[in-house]
Amino acid sequence: MSNVTQSNPRPAGNYRHRKLTNNIMTGLAYFCTLLALIPLAAIILETVIKGLPAWDAEFFTGLPSTYGSGGGIKNAVVGSAIILGIAVLMAIPTGVISGVYLAEYGDNRLGNGLRFVADVMTGAPSIVIGILGYAVFVVATGHSAGIFGSIALAILMVPVITRATEEIVRLVPGDLREASLALGIPRWKTIIRIVVPTAISGIVTGVILATARAAGETAPLLFTVGTSNYMNYNPFEGQMMTLPLAVYEQSSYRGEVLQTAWGGALLLLVVIVALNLIARLAFRSRGIR
Amino acid sequence: MEQSKTQREQSVPDSKRRTGDGETPREQEPGKRDNVIVAEDLTAYYGSFKALDSISMNIERNKITALIGPSGCGKSTYLRCLNRMHEVIGGARMEGRLLLDGQNMVDKDVDPVQVRRRVGMVFQKPNPFPTMTIYDNVVAGLKLEKRRKKSELNDIVEHTLKQAALWDEVKNKLKDSGMSLSGGQQQRLCIARTLAVEPEVILMDEPASALDPMSTQKIEDAMEELKEQYTVVIVTHNMQQAARVSDYTGFFFIEEQGDPGRLWEFDDTQKIFSNPERKETEDYVTGRFG
Amino acid sequence: MSAISEFFKKFRRGNSGDAVFQLVALVFSLVMPVTILAIFIVLWQESEISRQEFGISFLWDKTWSNSDQVFGALTVIYGTLVTSAVAILLAGPVGVGIAAFLTEIASPRVNSVVGFFVEILAAVPSIVYGIWGFFVFAVFLRDWIVPPIQFLFGWIPVFQGNFTLSTIFTASLVLSVMILPTVAAISRDVLNAVPRDQREAMLALGSTRWEMFSMAVLPYARGGVLGAILLGVGRAMGETIALTYVLGNAQVLFTSFFQQGSSMAQAIASLFGASTSNVLRSSLLEIGLLLFVLTFLINVGARFLVTSMSNQPSRR
């Protein structure tokens, strides 16, 4: 078709070899992804298969049997709800305000230091937080209590919420702030009335994801709240049962049927996945690790 | 169609005449003009948005072709079609025919890897590889294919850096990082890097727009020399540059926002800038609108 | 500090609202550093008995005797290091592979779906990994994986021993699954941060996608990817509850994958509650201090690597 003299064809040389390498590597990438999804499927499947049979009326409304495994987890669900609820109430103001501070006033050495601390704390092993709770509260007061567990969980949640909040608040356009300030509204009102509400969906996402993480934590509660076979509505006195610890307890009877343990594990999984789904879908924000 | 009518009306040599409206193109007269890239009704999309409509153009070998036009008229999109970089953006695709030595590049069976070997590109913002030395930057493309002897590589590095008018400035610091150079030097490094793989065509997307006048001058000088060995297609906003440097010029235009870009006029540079056929071309080159 | 003078300036200017707000916000933010300080102080104090009793040699003493009340951290440090090392050797490449898949190959829709599943994998709590690891996975290993390994490689010492479900092997594999999402997610963010023009420059030279990735993207992002891997290691080291199920609780310097072992976090969780001896408790808390310092340093290093990637040498 064209009148052009055919240019000298490039030596194909190792072209096929390059294409082969490319295809192999692409295949490997696919393979790695599969490698991640297989254990996920396995865990979810097993938990559902083994846990669903446990879900009956007695499971949700009864208390754990005092001898061996089995029984219900009502006290665990109630306990988890109370302890987690208090933890969230403590963690939200602390985390959100810290995040706002870092976003609004944190472009200096102090801010960098605080940011550094928050990042490091997100990676701290949760057992260390548990030990802290134990040494500071349990030893001092001589007993376990639900609220100590709440404090421990809140400590775990705060850095996560802080960093998420900071990221989201930073994304609020500067024009918005400037327009408000230009109207004579003081900075603090600007932040509270305008900036934070604009960022609220991202903040809520961060809170939900932090809660999901705290809901599954076992080690901190082990040291601060302990376990219990009884119902306890009082977070200030005495041990309370929580869902992760119910699973922990129920599965310590290694030889026996573990139905209650798996049932509890399934409930835990359902709650956590649900929270993640809500955070991701309802608020469409970036996830947090 | 509009743009091909323009070309038909002009009294240009046969080989440069194009026919539009879906007719098969006339056979080029052998020996007359040597076209290395021929676009026939090339249309480009970003997803469902049509960015280019039926572009037909010949790129002649060993000549510099400039593409000018107001912003957003598809010049860069068209350029990126020429080495199949357009499809790198998700959802982007081409339709029509784009012949590189007779092979239709739009065809899915044609491997872009091979196309890009023969059609190189220099980008608007200099983009040397920061983790590589100047030397390694130049030979980065060469390392993909067969192993060469060190001495051979050394020669290529020197040769291409000279062609890019950068050799004297860096010959003593080839082991320095590519980022240690100024913007203009980095761009010339990118030119050398592109030259090293010996493409037939070099595409340049506003190569000097981010640079100071001195660097721009150096790059324009380099282009003049490149013409002997390579074919150059350059997109530029700088009309004086286009007039100075190129042999042929293509003017892209859109009438309304949201329209796809079209090739409004294509001709010898001299003619485009002194006596263009169409009003919009004249308005643009005389600066009546940007 | 200039911050203090700023504060008072605001008062004088009449912006007392701003000054108060900033101060209150700062106080809330100080909760975190105070907590970290508290952790250090508490761990230091509580480990006093053990530190005085055993001194610096605690770090390399392999004794763990309840009867003699003599304890050394070597076995648990060893266990932590080995399990974490094996875990990252597996999860590192796979995690980066997943990240590469997500950034270079997957379409936006696949990206969303896979990304979601990776996040779910990260959200599975440690205790669920624990019971699944012990009651399901370890049994699977014992019945299907270990026999062929021992058949083929049983002559190598590291593959000898009686597989009793809770082993280094089980623990390392479970750990690698647990840290995989961490490595993958952070690597993905790091790879996404590589500027597009780097990829285009490489492609324009006529490279295949793999060549573009290995020659232009990965070198650019190598600091960040290393940081992601380090973060995975940090997570592995701090992992507690899952390991109480699948690691066993043997404070020994194991020599085979199929033996039981003990890690720092696991030992604390397993032994603390039931312990009646002050010496034991203090030793466990000294181990806790070591663990905290170790993960602290790793996280600092990882953070430095990841953030330094965004500060690439600026172009003049």
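Things worth noting here:
Each chain gets a letter, A, B and C, in the order it is written, and its residues are counted from 1.
One rule holds for everything that comes next: a residue touches a chain if its C-beta (ideal position, glycine included) is under 8 Å from a C-beta of that chain, and two chains touch if they have at least 3 such contacts.
These figures come from a predicted structure and were not determined experimentally.
Centroid distances built from C-alpha atoms place B farthest away from chain A. Chain pair with the most C-beta contact pairs: A-C.
The distance from the centre of chain B to the centre of chain C, with each centre set as the mean of the Cα atoms, comes to 50 Å. Between chain A and chain B, the centres computed from C-alpha atoms are 51 Å apart. Rounded to whole angstrom, the centroid-to-centroid distance between chain A and chain C, based on C-alpha atoms, equals 16 Å.
Listed for chain B are residues 113-114, 117-118, 144, each touching two or more other chains. Among the residues of chain A, those in touch with two or more other chains are 18-19.
Counting partner chains per residue, chain C shows two or more touched chains at residues 208, 211.
If you check the complex, the residues on chain B that touch chain C are 83, 85, 88, 90, 112-118, 120-121, 123, 125-132, 140-141, 143-144, 177, 179, 181-183, 186, 190, 193-194, 197. By the touch criterion stated above, chain B contacts chain A in their complex at residues 15, 27-36, 38, 61, 99, 101-102, 111, 113-114, 117-118, 144-146, 200.
Taken in their complex, chain A has these residues touching chain B: 1-7, 10-11, 13-15, 18-19. Note for the complex: chain A touches chain C at residues 18-19, 21-22, 25-26, 28-33, 35-37, 39-40, 42-43, 46-47, 93-94, 97-98, 100-102, 104-105, 108, 110, 113-114, 116-121, 123-129, 131-132, 135-136, 155, 158-159, 162, 186-189, 191-192, 212-213, 215-219, 222-223, 244, 247-248, 251, 258, 261-262, 265, 268-269, 272-273, 276, 280, 287, 289. Against chain A, the residues of chain C that register as touching in their complex are 1, 3, 15, 17-18, 20-22, 24-26, 28-33, 35-36, 38-39, 42-43, 45-46, 93-95, 97-98, 100-102, 104-105, 114-132, 134-137, 177, 180-182, 184-186, 208-211, 213-214, 231, 234-235, 237-241, 245, 265, 268-269, 272-273, 285, 288, 291-292, 295-296, 298-300, 302-303.
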